[in-house]
Amino acid sequence: MAADVAGARRTPWVLLSPSLATISLLLIVPMLFIVVYSFWLRTATGADQVGFYLDNWIEVLGDRFYRDILFQTLLIAFYTTVICAFVGYIPAYFVANTRMKSKAFLLLLLMLPFWISYIIRTMSWINILGTSGALNTLLISIGIIDDPIQMLYNQQTVVLGLVHYLLPFMILNVYVSLDGIDKNLTEAAQSLGCTGFQAFREVTLPLSMPGLAAGSLLCFVLAAGTYITPIVLGGPRDAMFANLVFEAIVTQLNWPLGSALSLVLLALLGALVVIYTRYLGIDQIAKSFK
Amino acid sequence: MMSGWSVIRIATILVYLFLFAPVAVVILLAFNANQFGSFPIEGFSFRWFEALWNNDAIVRAFKTSLLLGVLTAAISTTLGTLAALAMVRYDFPGKRTISTLLVAPILIPEVVLAVALLLFLQFLSMPKSFGLLLMGHVVFTLPFVVLVVQARLVSIRRDVEEAAMSLGATPVQTFFEVTLPLMLPAVMAGMLFAFTISFDDITGTLFWKPGGVETVPTQIFAMLRNSISPEINALGAVMVIFTIALPLVAASIARVMAMRKVGASK
Amino acid sequence: MADRQNAVELHNVVKRFGEFTAVKRIDLTVPDNSFVTFLGPSGCGKTTTLRMIAGLTDITEGDLLIRGKRVNSLPIHKRNLGLVFQNYALFPHKTIFDNIAFGLKYRKVSKANIADKVNKALDLVQLPHVADRYPNQLSGGQQQRIALARAIVIEPDVLLLDEPLSALDANLREEMRVELKRIQRELGVATVFVTHDQSEALAMSDKLVVMNNGFVEQEGAPEEVYNNPASAFVADFLGHSNIIQANLGSPDAAFTQVALESGETLLTTDEQTAKAKNSKDVRAVIRAEKIDLSEENRATDGVISIPGKVKTVDYLGQQARYFVEANGRDWQVINPIDAHPHKEGADIFMHIAARNCVLLPGHQD
Amino acid sequence: MDDTKRYERLLNRYRDRDINRRTFLTALGAAGVVAGVTGGPMGMLARKAMAATPEQVRFDGWGGVVSEAFEKYAFAPYTKKTGIEVVSGTFGGADEYIARVKASQPGEFNLAHLSGVFDYARYHGLELTSELNEDNIPNLKNVIPTLVEPLRKITGGTISAVPYDYGTTGIAYNRKYISDDEAKAKGAKLMVDEAYKGKIGGWGEWKTRIWYGAMQSDQDPNNIQDIEAVWDMVRAHRDLALKYWSSGAELMSLLAEEEIYVTEGWSGRIKALQDQGHDIGYLDPAGGLGWQECLFVLRGSPMAACEELLNFMLEPEVAIAVAEGQSYPPALDPQKIELGEVIPTLPAFDPSGTLSSLSFFDPAYWNENEADWSKTFSRVQRGY
């Protein structure tokens, strides 16, 4: 019978083992493998030379090109995150505070873009913003402009596509933390002499910070890792780091270099996550999925 | 002068419009008779739906995606629910690290994950298979399930489970009789999450799919290489309707269940 | 016939959570058919002890016996206990009938028997018509009765009640207290009741176990514990007491003199003196309600009177609590309110009978 | 009824022009659907998941209309005839496919519809080529010899693929804004003309960009002397361009919706646009860029089965039907085979069967520079 007590200590590991086995086998081990691969070398024929070469790392870390694209990627991810934060906060606030009975329905609506194919969603911006797209057609027909405006294929449209893709993540996160705030607190602040806006600034905003931070982390990481959006909505120059990884591995068949590039991106985002976990805790992300 | 609340309400409506604009356009253009699926709309037609219906490749891809999504949802919900149970109901050393680990797949850019797994497989001399594609999908849908179920599980009071056990139910019986029914909404949500993310995935799928297996997004991707066709819009419309219908059906089922629970006497 | 069996026995039970020791070596028995209450402030270890008996928390050291069998590592679902929780813990997704039938189902009771037993249990808790409802359609008091019905329908060896009344409002609590005691009597099931409410504990228990800081401070019949606290903690936790450092004086004819630190001298009985005779320091414990206030000095044999001045008066319904200053020290006194209660600022006398001056060995903490 | 007989009767009726192409297609398609439904999704997936067995061969193609043409005109009848199942898959691009093949086990992939001689050489470099027994492919004798020769040169006399179709990457322009005369006069330089800034497109593929960069800087693309001048042209084009397209679909929609007025384009796609009534001009400049597509057999495949399929696909009826479906001329020699009425109207069609007017990527030359140039292009593309 003593086994039962030992069993209780073992139970969480029994429950976790399928997940951990899956993640270890399909994520951790392959990631370690990629580390090994990054020290190999691509030969002229396209085959890989096994060995220990630092060439890829010297190239990746020493070349300004990669640094610049990385910077551009982080910049795009940053813009996306900031816009998502500003644009996402408002509906989250509305849904959290509305007295409408259809709160759940409003949330469900916000979730809906999640259920629509990412490719189709991204591509449909072409039909909206294109020279003969919906927006230009509308503007011309009501006489605001005479000739179509060129709106597509630049960095702004890439950010737009990403914002559209990631906004629900942000709204969901902010909503959860806003919903958890005791309404008495803002009332208390107002009773102490704050105006409505001051109460928001002094109480609601700081208390919703964790949700905002969790949403921002998700937005940033997911934005920094995309490569389809810049292909579909970007101009000739608008590439992101994941495109370089894709090109190195798929177009140039240079897997060792692609591995090194992958690891750079991973290390950077990983560092971000570690910093975040340290100061805010991964649990906050968990909270947002209620 | 408008009150702050009205401004918020209007801004909210605008954000909703922004979120749904592309969806609306896709559905609108699916009925456009015009060859290029662009504005202005030149006539109302079902021809693209017809073309879609007759397109074997798409229908096959749709079946594959459906099967893949359902299996992914089933497996990753099972794994994720077990993991969430461990995380919420037990204390053990290294919990923090494991919590980070469970979320890791959504924090690693998918292209990196895809490539890593591909290289590893080649090293093992293992052929790609539907099973691998499935497991790949399980890995990156797992965190969403874990997070959703975990959040819900926290709010289920432990004493209800203790009560069940005090009445003679074993831990396993307790899970199925009490815990599972109570966290069913979260499990369903996690399942839905996993299903749609799997159904929507392109990057990982492109790398992992074995030959001859196409999912809807990879099929769209392949179609884009060779033909532009409002069939894609029709497909989008079908997917939108399909994916909108799913949560709505789930929601109404949940409501019916809730109604039954509350009953008529209240 | 065998000796009267103990439903539960704890021998040298210790519970540690990591560095923290929640229960520090407890020895206890719960006799058959008795109603035993664990009383103490929050964090005293009473709930942990209950959870160890239930099997919800494992025991770090010591032995736990239920009906004479050691059950230290027997999982909860094999212990045959009735457990009632503070927040009822009814299954929200099951009807009242299914809630009560739950335990019977796992005891492989036949369908017909289940219906029969459930109905009887519902009758016992006086809610015969709610079988088809869901828990959220019942009031708090009704839910508590259902939780009780669910726990007793399985005919448990021991009934464990974890602060079952604390979520109810004051009137209902009173009513349920009576109800609970009635049902326990009727069934004759050994019951462990955990509470931090002293009036509940005093009213219901056959045996009272006062816990503090992981230790049992005192156990015994309620009146014994109340009248003769074994420690300053018990004296203070049960009701209100004046605890004053004192020195034992010489024995008088029938009583012993007790010289209080604050200057007064009280009398006490030989019985009390015996308790403290080996101790250098003693404390005198005088319960607030055992002091008699009056405007005139009514000192008699064995009753000392101390003059003082009423500082404040709190009205507690039929009683009033006075703070009386005497020799620069505040005394707490609780007296019934007669026609005219004493006013603030009034000069009065406190009368203390020798039998009401309890002595505790040792120094004030 | 015996399916094989039904197919042969259909084919005969089609040959006799007794039924039209659409009916033929529908009948075969229906047969395919029946086969698919009875197979069931799980069985289908399980079998597809395994490496090819002699009972089946794997074929990967471009998807879309091309794959549909293949499935209906070639695979379904072939399966009926031989009992060998053709498992068909699609890829998004040649690069993606080669990456997948590189990461696969031998035998996992068999046949593929690949572009150009250049990729053929790449596969050879990765030791993925096989050796076809030409005796099993009698129809090979009908293929334009100049298309076969470059392949033989790479694999030392034997071949690992049969040429199947060809096309050009020429200059496409919107006649509403650019006249034929202007296009003819400016040629490749039309795409670096400041006047059309923001209305220029181009394929985001390094070989094509460098090829056109060489033409724009008046050099021989297969013998570039001044690579810096080429890069300058690539940069100039990049700065004027609105968008690099990456698929036929994008190319067509950019032109059709007048997002851009000029780009280089694939002959078949432009033909499709013209057929839809868009006023798009198409010009193959002198020494225009031609390419061929071949049916490639990968090392480790069941050779006999693959060879039989190749021969079947080179049957004039099948090849012509496929060609009409995808708007690229077949690799069959018009001097030996009667190609019907539609094929001669396709752009890039060469009635002489010599293809002497076209230039092709010199595989040796381009392969030698591949690593360097593709990487440099990746940078130049992003503003360097």
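As written, the chain order gives the labels A, B, C and D, with residue 1 at the start of each chain.
The rule we apply is simple: a residue touches a chain if its C-beta (ideal position, glycine included) is under 8 Å from a C-beta of that chain, and two chains touch if they have at least 3 such contacts.
Chains and their UniProt names: A = ABC transporter permease; B = Spermidine/putrescine ABC transporter permease.
Bear in mind that the values here come from a model prediction, so they are computed numbers and not experimental data.
K.L.:
Most remote chain relative to chain B, going by C-alpha centroids?
P.N.:
Farthest chain from chain B, going by C-alpha centroids: C.
K.L.:
Most central chain by CA mean?
P.N.:
Chain nearest the centroid of all protein C-alpha atoms: B.
K.L.:
Among the chains in this structure, which pair is joined by the largest number of C-beta pairs in contact?
P.N.:
A-B
K.L.:
Find the geometric centre of each of chain B and chain D from their Cα atoms only, then give the gap between the two centres in Å, rounded to an integer.
P.N.:
Computed value for the inter-centroid distance: 36 Å.
K.L.:
Based only on mean CA positions, could you tell me how far chain B sits from chain C in angstrom?
P.N.:
One centre to the other, that is 55 Å.
K.L.:
How far is the middle of chain A (ABC transporter permease) from the middle of chain B, if each middle is the mean of its Cα atoms, in Å?
P.N.:
17
K.L.:
Would you please write down the residue numbers of chain B that are in contact with two or more other chains?
P.N.:
Correct list: 38, 119, 221.
K.L.:
Indicate the residues of chain A (ABC transporter permease) shared as contacts by at least two other chains.
P.N.:
130, 132, 249
K.L.:
Two-or-more-chain contact residues of chain D, please, as numbers and ranges.
P.N.:
Only 93, 96, 102, 253, 257 qualify.
K.L.:
Touching residues of chain B toward chain A (ABC transporter permease) in the complex: what are they?
P.N.:
Listed in rising order, the residues of chain B that touch chain A (ABC transporter permease) are 4, 8-9, 11-12, 15-16, 18-23, 25-26, 29, 37-40, 78-80, 82-83, 85-87, 89-90, 92, 96, 98-113, 115-117, 119-120, 123, 135-136, 138-139, 142, 144, 146-148, 150-152, 155, 193, 196, 199-200, 202-203, 216-217, 220-221, 232-233, 235-236, 239-240, 243-244, 246-248, 251.
K.L.:
Would you pull the chain B residues touching chain C in the complex into a rising list?
P.N.:
On the chain B side, the touching residues are 157, 159-160, 162-171, 173-174, 177-178, 181-182, 261-263, 265-266.
K.L.:
How about chain B: which of its residues touch chain D in the complex?
P.N.:
For this pair, the touching residues of chain B are 35-36, 38, 54-57, 60, 63-64, 67, 118-119, 121-122, 125-131, 206-207, 210-214, 218-219, 221-229.
K.L.:
Under the stated contact criterion, what part of chain A (ABC transporter permease) meets chain B in this complex?
P.N.:
9, 11-13, 15-16, 18-20, 22-23, 26-27, 29-31, 33-34, 37, 87-88, 90-91, 93-95, 104-105, 108-125, 127-128, 130, 132-134, 137, 164, 167-168, 196-197, 218, 221-222, 224-228, 242, 245-246, 249, 255, 258-259, 262-263, 265-266, 269-270, 273, 277, 282-283, 285-290
K.L.:
Under the stated contact criterion, what part of chain D meets chain A (ABC transporter permease) in this complex?
P.N.:
It is residues 93, 95-96, 98-99, 102, 122, 125-127, 198, 202, 204, 206, 238, 241-244, 246, 253, 257-259, 371, 374-375, 378-379, 381-384 of chain D that touch chain A (ABC transporter permease).
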